[in-house]
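By letter and in written order, the chains are A, B, C and D; residue numbering begins at 1 in each of them.
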Amino acid sequence: MTPSLVFDLLLAGALLLVSWRLLQASDLFQATVLFISFGLFLALAWVRLHAPDIALAEAAVGAGLAGVLLFGTFKRIEPQPGPSSQRPGSGDEPFSASSCRLDQAAACPGRFHYLVAGVGAATLTALLVLAVLELPRHGVGLTGIVAQNLGSSGVDHPVTAVLLNFRLYDTWLELGVLLLALMGVFGVRGAHDLRGLPMRSTASPVARRLVGLLGPLVVLVAAYLLWLGDHAPGGAFQAGVVLAAGLVLLRLTGLPSVDRLPRTALLSCVVVGFAAILLLAVLTTLAPHSFPLKYPSAWAGSLILALEAAATVSIGVTLAALVALVLVVDDQ
Amino acid sequence: MTLAAWMILVPFMGGVACLLLRGRAVAWVGLAASAATAWTCLPLLRHVWHSGPVRIDLGGWAAPLGIGLYLDGLGAMFLLLTAIVGLLVGVYALAFFGRGREYARMEPYFWPVWLVLWGGLNGVYLSVDVFNVYVLLEMVGLGAVGLTVLSGTNDSLVAGLRYLLATMFGSLIYLLGVALLYAQTGHLDIFLLADAVDGSLPVLVAFGLMTGGLLIKAALLPFHFWLPPAHAGAPAPVSAILSGMVTKASFFLLLRIWFVVFPDVTAPVAGQLLGVLGAAAVLWGSLQAVRQTRLKLLVAYSTVGQLGYLFFLFALLTPAGGEAWSEGWASMAWTGTVFHVFSHGLAKAALFMAAGCLVLAMGTDELAAMRDIAGRLPVVTFTLGVAGVSLMGLPPSVGFVAKWMLLKASLASGQWWWAVVIAMGGLLTAAYVFKILSFTFVPVGGHDANARPKAGPKAGRNVDQGANEHQGPKNSGVPELRPVPALMTLAALTLAALCVLFGFRAEEVIALLLRDMGLEPPFDAVLIGNIGGDRP
Amino acid sequence: MTTFLVYSLTAALLAGLGVHGLITRRHLLRQIMALNVIAGGVFLLLISTAYRNQGDFADPVPQAMVLTGIVVAISSTAFALALLRRIYVAQGQAQDEAQDEAQGQAQMDAQANDVSTPRDESTP
Amino acid sequence: MTMTSWLPLIVLCSSLFTGLIIFLLPEERSGWRTALNMTGATVKVVGVFVMAWGVLVQGAVYEARFTMGLGFDFVLHVDLLSLAFVSLSSNLWFLTTLYAVGYLEGSRNRSRFFGFFSLCVTASTGVALAGNLITFFIFYEFLTLVTYPLVIHQGTPQALAAGRTYLWYAMSAGALLFLGVVGLQTLAGPFDFVSGGVLGGMDDVGQWEARVIFALLICGLAVKTAFVPLHGWLPAAMVAPAPVSALLHAVAVVKAGAFGVLRVVQDVFGKDFAAQIGVLEPLAAVVAATILFGSLRALMQNELKRRLAYSTVSQVSYIALGAVVLGPLATVGGLAHLVHQGIMKVTLFFCAGIFAQSRNIHRIDQMDGLGRTMPVTMALFTIAALGMIGVPPVAGFVSKWYLAQGGIQAGQDWVVAVLVLSSLLNAAYFLPILHRAWFRPCSGNLGGPGPETASGSCGIWEAPWMLLLPTLATAFFSLAAGVFAGWEWSPLGVAELISAGRGAFP
């Protein structure tokens, strides 16, 4: 048993334990904390599995943003201490939370329900385990083909090449998903910008000063990551997530952030990544001897960088706006 | 042939434009983009019709590396359906959201989300990459949820969240299948996968997972729980979009997966299982629909029931692997099902749009409030009736064509039990459609209903019955109807009329549909064999 | 080799745990977490299969897929949480989960007959 | 397209377009509506006459055929049988519209009523002209749809309940019929109606399949024909206004069912083939049971329209009797009864409507002395009632006579027994009405407190001419059809032609 295997087993055990606890712990706060650690363990696993790009993104997204989101939500939906004895029969009320579960049968999780869940999940797991055991142990996937075409992709980092050249369509659509999520939240709220959000200025002056200094640093780091993506782990996602994290920090300390952007500026930032790729798609579709989304070979590198920059801005601003909206203190 | 790419680009451009604009311009630009998309669809259809399937490698990267766009007859049919319904929903929405502050608030969100969603739907019908499909499905799902919660009422929020969780769950299960499949084969393109899949366990599990994930999104019976509240709680144009189009996207992918990727793996028992679930959905959904007392919920449950018909196809076509394809009735089952998609898309959108008109006029969607709607809003009632006829599968409508072919296919294939279910489903459909219609015929006030100047005997009898039995205390006040924009009524009516028109033009559609399925046209042989070839 | 097995089996178990949690837990926040656990399982499966090729760098295509998936997952999660917040704001009440469980037990007997047939009228 | 294919379409569309335009007319444009209705009806009657002339005298073939792309054609074809039905329905539509205009004057929702009324006739015209089973089915279902709004026209709880009953019966039957039609197409492929039947000549149709399909088809048709266990909707539908009852009983719905039975037995299966696979006997038993049961039930009714309704249940089965009894004479009788029953029953319903409308008389025990206050209406009622009983020279006698002859000819003597028994029962439920009306003194307490009836309830006060005129016409036809039965173009004559043209039955 090599040390690396021990590490693997420990990490796997930790992942399983944490996820089990976070789903079963009766305390929601504990679950939230466990969720954040789940993200961190996953990031470790990515590093171990030679996927540093994902580790970067996961550390920022899974542990950072998701944690902030969940924690913030938890803080705001958690009832004031001691309500549990107040409404013993509230399940019958029309608008009680019991009417908003995924599955209505869960309204009364009786033995039958637990049985179904247990049997279903166990079957699924068993099948998955069996299937995984049957998988070929030496799959190559598309590594070779990607390596062959890397030269003509315009970048040197294979993951960036896949994301922004070979499978640019996916990336584009994913920016669209991000856009739709924000639009959905906007739609519920009924306003296109964040300027109406109430501000908090609870943070101490020291923290504000500190974060204020951090701001330019965050932008710098994001730009560096962006540039790094050309030839090493890094790129638009990671940069965007870092940018988002910085913007969220600014917002949390009451410093100017996404919520100070006027409507047009905010929307432009949100849509710029999607629109940039759309523009590329339209132009390449119109061009006579080209495929949609095909970079002109001479400009591939610089175009990719430009698109990445646009995507970074979009991802950063959109995620920051989403977090700001989730964490907003509504005064209704 | 880059026309196919425009089917995605045009709505996306419209969406971005709508996002950045303000005021009424949003609606007009949105409508223009809808019209442009529908217009782009026509030459594309013609192209597929004349020269067969289209394939585009995006970015110039061929299949194992890049993502392809591919359009065959089946995809063309779904594109066409989306274009027709989308355009008319656009027209409807223009009037619907232009009616006052309460609705105008939603307008700047409706259009961009809907257009991007439309692009996503078109993308689903064009995509041949299983991971790309995942992203598209998320796009469609998030867009649909965003539209569902547009009204911001608590009910719609709850329904929307439930819908969101369900659709996320479905996508993740699907993605799990994709991951297994990629791990086993190293491919993502469906045609490459079709060559690579074998009967190994990972492939089977992947097949099951992908099917299961899509079934959750397609709202087949045990997974339908999210559908009725979401579809009923959304604003009327959104309900039309969700019921008419969004549910079809997952079904389309099921078709692709079952009959393109895994045709050799599908076991008859799996097909029968889907068929049984479909049958249960038909019966149970329709029964629930009959029980409802609110119009929009009724229509939403009807969607659960009507979607069930689609799954008979899997039962009919899976026996003996690919062998069923050589049978004459295979193409009949295939075309019948696609026709049902069409009929349901058109009719259900028309129903929801008409229901929206009624809700607007009456201020409520209680069925009991629909007194004398037939007299006061005849066109809307007519729309309800015609769309209902198509749902029931009665002639002359596209629903009849669909049921006809499905029935024939199930009889010809020897699986007659589906025919029984189809017949019973038709009856239940009739029950709820006429439940709606009968409410519209109840006269408003007891006193002037059917009264004649001569105060004839029958009128006298009516007075007694009317006053005693169902007018009750609120007899005096005839609820005023608010005006309904003519454009809304017209859009709904057009859809209903299309239900009828498509029923008369089945030939072209069949020809387009079967272009590249390797199927014989279903009827020519039979036709010539029995009547003699003297007729064209 | 064994690393691949360890992580892919973990992935399978994570997915199963997530599904179980999604079905059994009532609290919406918990369901959202469960979905994220499933997502973690799926991503882990993808990356562990990418790791199989034994090079110094894992297969980039699954990596790109996972990166896309992470962004999709975080947007969906954020959207879901925003909706959840709106619902709680609208209701002005939140239910303690402990209370849920107790209540669930209490209701279990009363509604034992209904459990088997899903009741999903949205109108209460 | 030549005239020969346009003419069936014109006949079909004359009422279709009329109906659609009427929907769009505002409620208060009653003059326009009447004019439109009458124009449509006239066009239809003229068209039918031209077709009849062409078919009977010049031997022309009228056919309109469209390919549906579904493996079947949409065919409108004029043969003698369809001619008989279409001329009945077009003429009666003309008269019933006239009657309905008078009957519904001043009531609400008349646009809707007349719109659906026209569509209803369109459907029955389509049923008549359908050249194959699928076209027949399309119009048959269309008929269900467009009669429903007429049944629930008043929107009262009774009307809605009746509508629901009607729908459940009709839609269930429609589903069975649909299964049968599809099954038949799957077995035998597409085919047109051919006199003498189609299936007999096909080798690949097994006996059991044929039996199952026959059962499905007949069950599907039985509801509209009101065969005995499935007749429940017909009396319930009596809540509809009188013109609708007339339409249901005489012009469209019930007739469409009976017509369908004729088509299925004679033109799809063929009497020979049907007899060969042994499906005629059970059908005959049902028919006989219906005839007797309907008459018995009619005897028990006190409400006039319900009595007439049960009488319809019984009388319509005479038509089916003609189809199940072997031999040309029975066929002739059945076909002739298709027309005869229509004109007689429509007269009766017109009269019942007049009684209800002007005197608020619904029950038979209110009819005392009615013959003295409304002599003309009552006289017309009497003519039709006598016809129903089968008293010569009214039309009903002729068809009963031929049916009985046919039974004897085929060696099925039970037919005669059934006919005699039924006629006795007919007499038993009609004669007391006539006796009350003519020979009882006027009770002076007719109906409810209407403004007119209150003043002089025993004085002579006839119905308005708009109601009386159509009644007069139909009563005249019923008499004439009997008196001039020997004429070549009388209903009986045409029936003989049809029967002769259908080849030699044993």
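Everything below uses one rule, namely that contacts are C-beta pairs under 8 Å (C-beta built on N, C-alpha and C of every residue); 3 or more make two chains touch, one makes a residue touch a chain.
What you are looking at is a predicted structure, and each value in this text was computed from that prediction instead of being measured.
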item: Closest chain to global C-alpha mean, per-chain Cα centroids; value: B
item: Remotest chain, subunit C as reference, centres from CA atoms; value: D
item: Averaged-CA centre spacing for the pair subunit D and subunit A, given as whole angstrom; value: 72
item: Rounded Å distance, subunit A centre to subunit B centre (Cα mean); value: 32
item: Between subunit D and subunit B, distance of the C-alpha-averaged centres to the nearest whole Å; value: 40
item: Where subunit B and subunit C are represented by their mean Cα positions, the distance between them in whole Å; value: 28
item: Overlap residues in subunit C, where contacts from two or more other chains coincide; value: 8, 15, 22, 28, 31-32, 45, 49, 52, 61-62, 65, 68, 72, 75-76, 79, 83-84, 86-87, 90-91, 118, 120, 122
item: Per-residue multi-chain contacts in subunit B, two or more chains; value: 131, 135, 138, 142, 145-146, 149, 152, 154, 157-158, 161, 165, 169, 176, 180, 182-183, 225
item: All chain pairs that touch each other; value: A-B, A-C, B-C, B-D
item: Touching residues on subunit C, where the partner in the complex is subunit B; value: 8, 15, 22, 28, 31-32, 35, 38-39, 41-42, 45-46, 49, 52, 61-62, 65, 68-69, 72, 75-76, 79-80, 83-84, 86-87, 90-91, 118, 120-123
item: Residue numbers on subunit A that touch subunit C, as the complex places them; value: 4-5, 8-9, 12, 15-16, 19-20, 22-24, 26, 28, 31-32, 35, 38, 42, 45-46, 48-51, 53-54, 57-58, 61-62, 65-66, 69-70, 73-74, 76-79, 83-84, 87-92, 94-114, 116-118, 120-122, 124-125, 128-129, 131-133, 135-143, 146, 158-159, 161-163, 166-167, 170-171, 174, 177-178, 180-182, 184-185, 188-189, 237, 315, 318-319, 322-323, 325-326, 328, 330, 332
item: Sites on subunit A touched by subunit B in the complex; value: 95, 99-104, 127-128, 130-132, 134-136, 139-142, 145-146, 149, 165-170, 173-174, 176-177, 179-181, 183-184, 186-188, 190, 192, 264, 267-268, 271, 274-275, 278, 281-282, 285, 290-295
item: Contact set on subunit C toward subunit A in their complex; value: 1-34, 36-37, 40, 43-45, 47-68, 70-72, 74-79, 81-91, 93-101, 103-104, 107-108, 110-112, 114-116, 118-120, 122, 124
item: Touch list for subunit D against partner subunit B, complex; value: 23, 65, 67-71, 73, 104-109, 111-112, 137-138, 141-142, 144-145, 148-149, 152-158, 160, 163-164, 167-168, 171-172, 174-176, 178-179, 182-183, 185-186, 188-192, 241, 356-362, 447-448, 450-452
